[in-house]
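Can you read through this structure? Questions will come right after.
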């Protein structure tokens, strides 16, 4: 049938009943990529205020510099995650024109060029972390969500072993549209927060801990088994992913 | 009523019937919930159209029957997950008045009393599953989301090894506000779907597979490592959790 | 008697009936226990009100019956853990004289003969469990602690996702000398309780859960990584061990 | 002060300056701690002789210095665990007034300011370690217990493969109120010690070993499966936690 | 550019320079599915002599019967893996016309309808198994490869602990174009065979073993670490996959 | 016979009936065993008093019966491990002539035909087990060692948590040439025994335990990490292997 | 030469210089290889254009240099995998005569001397990698396959989350005789590619990722559980093995 | 001396200087070893030619030097395992008198002082390793066995993927009384060797490999699941333990 549709369309083109532009337009909505579908993807970031992202870990300074060079030329927000002060310094030196726009976040090792500050989120995203050691991951989530156009309210160091501190700060997340909770060790905080709020909770296990934390496995398993049903989980230390997913939710 | 207790106490303070010190003492020992905070919780389900849920696995028919009896009396939607046809039959017999409202879903082993059909979701939730064996989990997600007031569009058996079938069905999920993807074995489908849509994707690993699937561990790890940043993950076979979280997102 | 042997030997030395070298030789080959050391062990249970325990799992009804027969003859408390109603029934039939003293606990599958009800604990042991499914383990802990002479206050179904319920019940455990916390799934409850009390907390992971709970591994790892420093952990589902250790602590 | 706020509010109610409804509203938004509950926590350390603790691992010297500065000003005992000689040196330089009170323990990498030497434990805590390589963990347990006001008797290098050495030293732990046992490799020592004493035994698996010790996993599993029922377990290498929990038990 | 190509093509269609059929043909090779691509897939089995396969495990007899009914109607070879004698019996009863063509293999639990016996493989596929317990998996590989048009030479029970038996039978696999080796326990056989032959070796770990075989994990890891570079590996017990992949290789 | 083939060939060479090149060619293709090497293997059991063994698990009664039939005909000792009383009964019925020689051991599920009782071991093999639940594995080790011609002295239920009982029984294993130690749970016994004796110790982890024993993994890891250097380890529950290896050692 | 020894022996038999019994005796003790069998192996590389390979990881520069020296003297292709620029530099310096033939590949750390460029593969091998981080592994596969005489077409950075990019490049692998797919993280690409092609697919999991990728375990499990039946798997990061196995397949 | 204490006590009893009750009391508190039992242990090494051993890993040069100093003074053989050339150099400098007796083995990082060269083993110990990378572990086994008085015949680089090389060298291990087999990667060699010899085989998994070798886990599991019943296993990389256990066996 699809062949028939195409045949019919082509015959209309041949007969002049449909002009070429209209035919292209219809074709674009038929098959997959070649007909323009992938262009959606191509321009996805541009249309959605999603920053261009370079995952810095395992890339050489040269590689990061080259990719950064290409990306920043498009004029969008750029995020480099898991890099170093040296790389941040180099990027600043190489791009004197935007030097003042280049932020470096030492805790998470992120570099951000935050040009487009359009607010796209419909409400507040709360970022909560259990201990000060979880801060790098929380920071990565926060600066991602900000660069994607969200107001972020971050609350640090409110672990479950001091439940009253969480309670004292609950005004900061009770009214958030989406809540991101970062925790290492036993990873219990998302369950407690999940029980308090009606918003979706994105749990980020961190690799904070030692011994039987097994680099975040304990926290990950804890979060996957959360007794709070509004909790979904991302990879260990994946602050970026949490910030990204939360941003999409906050646009809903 | 708890507010009434506080009001009564305060009025006694005002009238002098209780002095300030005694009032402080009584306030200090009032339970947490009495201050209004927990009331949100107490009436949460009622106000939000969240069904009462009984996790049936590991509970005896007697236990399920007793809890069901209590819950259905409140007039809300009720969901019993992971139970059996026998239990479903028994619940019908014991509640002849609502017999016609009791649905049993043999694939997922769920019982649903779907009375309140108010639509609360702002758009469509898509549920996609990779193979027919993942259907029980997809079904659990679907009936949960429906019972929470969502329109659900379910697409089955569109695994990544036949990518064109997924593509042929993409109209069914490209416009969804939230997408749930259930997959066992290698658990690759959420990454592919996540790359196609801009909506949040909730990935549900299933225990479908054998050998090195290790009861869903392979799929779980695959999904946590998804290269699509809009993917968050719930526990293995946790269709209910996916449906629940998706419902909250769809209300945003 | 062993002391008698030594006494007799020494008297023979004194009388010259045995010379020193021969005595040295005989002493060297006396079994370890004969020197009094092991007697502590032998009469440990009797002196301490510790019940005789039969771990029922993997033992045939005949084996349990035979051991029970031997143990109950000593007149102490007896505990059979992880057995069945059939075995409980059989033990009652076989011991009509103590039939009324034989309790059967269907949740945990324990049989208890609680004759010696001397209170040995100096205060209250609190047993808390996160969900109703954790009840069998909590029950095993409770009946063990009771049979070892402790007052036990058990609070059920106060999971972390409904933190206010825990708070409302905090009077039941805030004044306990030792607290036992049983939880499956993410195993977060001991951390929260541990942050509230100054007493030692014994955490018991339970095998409650599915998928990535991996039969209690998630809860176990969570508890081992607890951010509350007063938490120590026992094996998965080991209610008996928790009750036993708590009892020793409560005698301190 | 929070009590003062409530008192003030109540007095305004009594005087009619604030009406009941307004009072209810303000009470509802008072933080949890304001009701006196959390005050216990706030002053917990002060009242209980529990040292302020800085977990040094993963913190920069600057961070440790800043936190140390704040904590030591309160005049309590301070413990910095898992840090370095350099940090110890820096803390001494920065705090010349208490320089003589600052101890550095190279084996465990701990820094201790032990000002308050009040004895709070009712008896002796025994610390036993299996091999010389387990000493850092045993040391951390010991200095924690000491700083919390306990007499500690430490016995080193009494592994199970030389059972007579353990036996020769049994007088050192047979009369302890609480026993801490640190062991790596197969982690068998707590079971043997647990069978000898009636006191609670806290087992600390250490990461000592290689190959199939899997960084302490073998010892951890061994201890969790101990056939001695008075054994509870803490995280791998968690000497601090063992010392802390033992101290609480020794105050019972 | 792709749009340009399409525009150019359409303009040629309009101008008559390219006729509709030619245009369809060119379009078919451009985009993805709608233009006939998926039809390749649709007819893949038909054109390649690949049997239709039903993975029987976890499917009810009714489900298997229904799918079998549909598949066998196409006249191709059909394979049902991991089913039972009862299902085989039922399929025979329900399809009297092809009853004689329905084979049941009790070791592997497979049902085969082997109608199209065209030889498509260019040489021999050798199937070797280490022990008699590995036979079900070897059988599944063999009947799959046969149904896909290959001559198969199967050698059983030639484990590495009796290396001479393997050597005595080496003529049976030295000249094979592809070799499948099934082994449980330590999974060493593929390495030895891989060292003897120049052909590709597909290693199939089996779940045969107990204790530290962990349901085939030991064999799987052994094979992945094979020191023979011509060894590739499939999932535990996946005889079907090995037979399938070997068949594709044998057609090269 | 194979030697005969070679002899015949060489004689043909000598007589000139076969020329040298042809002889080389035929020699090259003679199977490995034909050169006498494998004959050692073929008659290994016969010459060494090693029983023929059928690993019963996973074999049908028919299969066991068929193999047993073939093996017992050779007149050697026969061992069937991990089978059932029903199979034992059937073997007795089918072989009335040797009925009295067929022993069934219900704990380990072994059947033994112990005809050749020649003592081949040069000393005593001690078998020690930690708890009564380890008895099936210890029994399998014992009957294997006996059937291979060894005097066995078995000591049961001497776990490390009651170290004095082990000590009291030390005369039973101090003079053994080889010691087999079976233990589940924490698997600590081999280390203690290994420290007491100078003989080689074969450690057998058993699957006895629950929770974090992970079906014997805890005991296995413990034994592999034993601090006693004379300990080597076999697979979980592998009493047969321990008895076999110990027998070879005892012949040294 | 070994053949010469046999020839010489046989001629002595023929001439009567050695009698038949003595000849049998000497033949029996000739090493296995002497019978011609192993010669295949000895000259395997030479006859098949298989490069000599040095696995560089864990070898000192001196060791690599020495082995390289020996291997390159045979005049074949040589491959050093997982080494460094320093070693590459050193090898060039030490072998000035072939300096121009020594290639160094910094991504994979491989050194190649590609002298024999005979094409032995019958078609094209496609190498596909999911992300740029997988490039080192893909490169190792590519240069191995090239050195074994294959035309290789490599496509990089076509991960499943951007499925259209894979589709756009499908012409590059649809006509390959063998396809190698390298992917880290969730390892989903082989399943998608496997569903598109009829060729054998060799999946190479890479250690690219973090957190729950567990150094490639997630990708490995994903690939082993692939729902595409033409996928076989090699060890994590084993580009060499994939290139080697693919080369053998491409010669079929 | 301890015997002297007992003798003195008994003589006091005989003389009446100490009465029987007092003697009993003092005997009861004599340490275990004093009764002669532990003396065996104390002089074990001296009487048995077992070298004093320092496990160097994790010990500082100062610690090793101090222990070495103490041990070498006893005049026995001394072994330092897992240390460095620097430590070896330092020990030589510090002990000029025995400088010529101090051997350093760079592959395994061992230092040996081999003074007592008495042959205590009754036959040959064969040490076999699969690849050159396994050599450090094989070397540790060899020098341990030598220092304990054994003739050792070491065969290197005879992996299972080149089975003929193992066969060619079989004369080197067929007549050994004990065989040690070291192998990494898939760990298959012990099974093959175990099938060839009647001697006890001690398998040593090595951490050689990458990816799914998981630091020796694959080899360890493979060896534990060996289908050759004469194989027992030690910890990963534990060459010392294998050499030690083999030495005890060779003295039987």
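First chain written, first letter: the chains are A, B, C, D, E, F, G and H, and each begins at residue 1.
The rule is short, and it goes like this: contacts are C-beta pairs under 8 Å (C-beta built on N, C-alpha and C of every residue); 3 or more make two chains touch, one makes a residue touch a chain.
Everything numeric here is computed off the predicted structure, so don't read it as measured data.
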Note: chains that touch subunit D and subunit F both are C, H
Outermost chain relative to subunit H, judged by CA means, is B
Check: chain pair from A-B, E-H or A-E whose contacts match over half of those in D-F is E-H
Cα centroid separation, subunit C vs subunit E, in Å, comes to 55
Per the C-alpha means, the centres of subunit C and subunit D lie apart by a whole-Å value of 26
Expressed in whole Å, how far the mean CA point of subunit B lies from that of subunit H is 59
Multi-partner residues in subunit D (2 or more other chains touched) are 32, 37, 41, 162, 195, 211-213, 217, 220, 224-225, 235-236
So the complete set of touching chain pairs is A-B, A-C, A-D, A-E, A-G, B-C, B-D, B-E, B-G, C-D, C-F, C-H, D-F, D-H, E-F, E-G, E-H, F-G, F-H, G-H
Per the touch rule above, subunit B residues touching subunit D in the complex are 3, 6-7, 10-11, 13-14, 16, 20, 23-24, 27-28, 30, 32, 35-37
Subunit D partner, complex, touching residues on subunit F are 130-131, 159-163, 184-188, 191-192, 194-196, 209, 211-214, 217-219, 221-228
Per the touch rule, the subunit D residues reaching subunit C in their complex are 41, 44, 48, 122, 177-178, 195, 198-200, 202, 220, 224-225, 229-236, 240-242, 244-245, 248-250, 252
Subunit E contacts subunit F in the complex at 133, 162, 164-165, 167-168, 171, 208, 210-213
Touching subunit H in the complex, subunit G uses residues 31-33, 37-38, 41, 57-59, 205, 207, 215-217, 220, 235-238
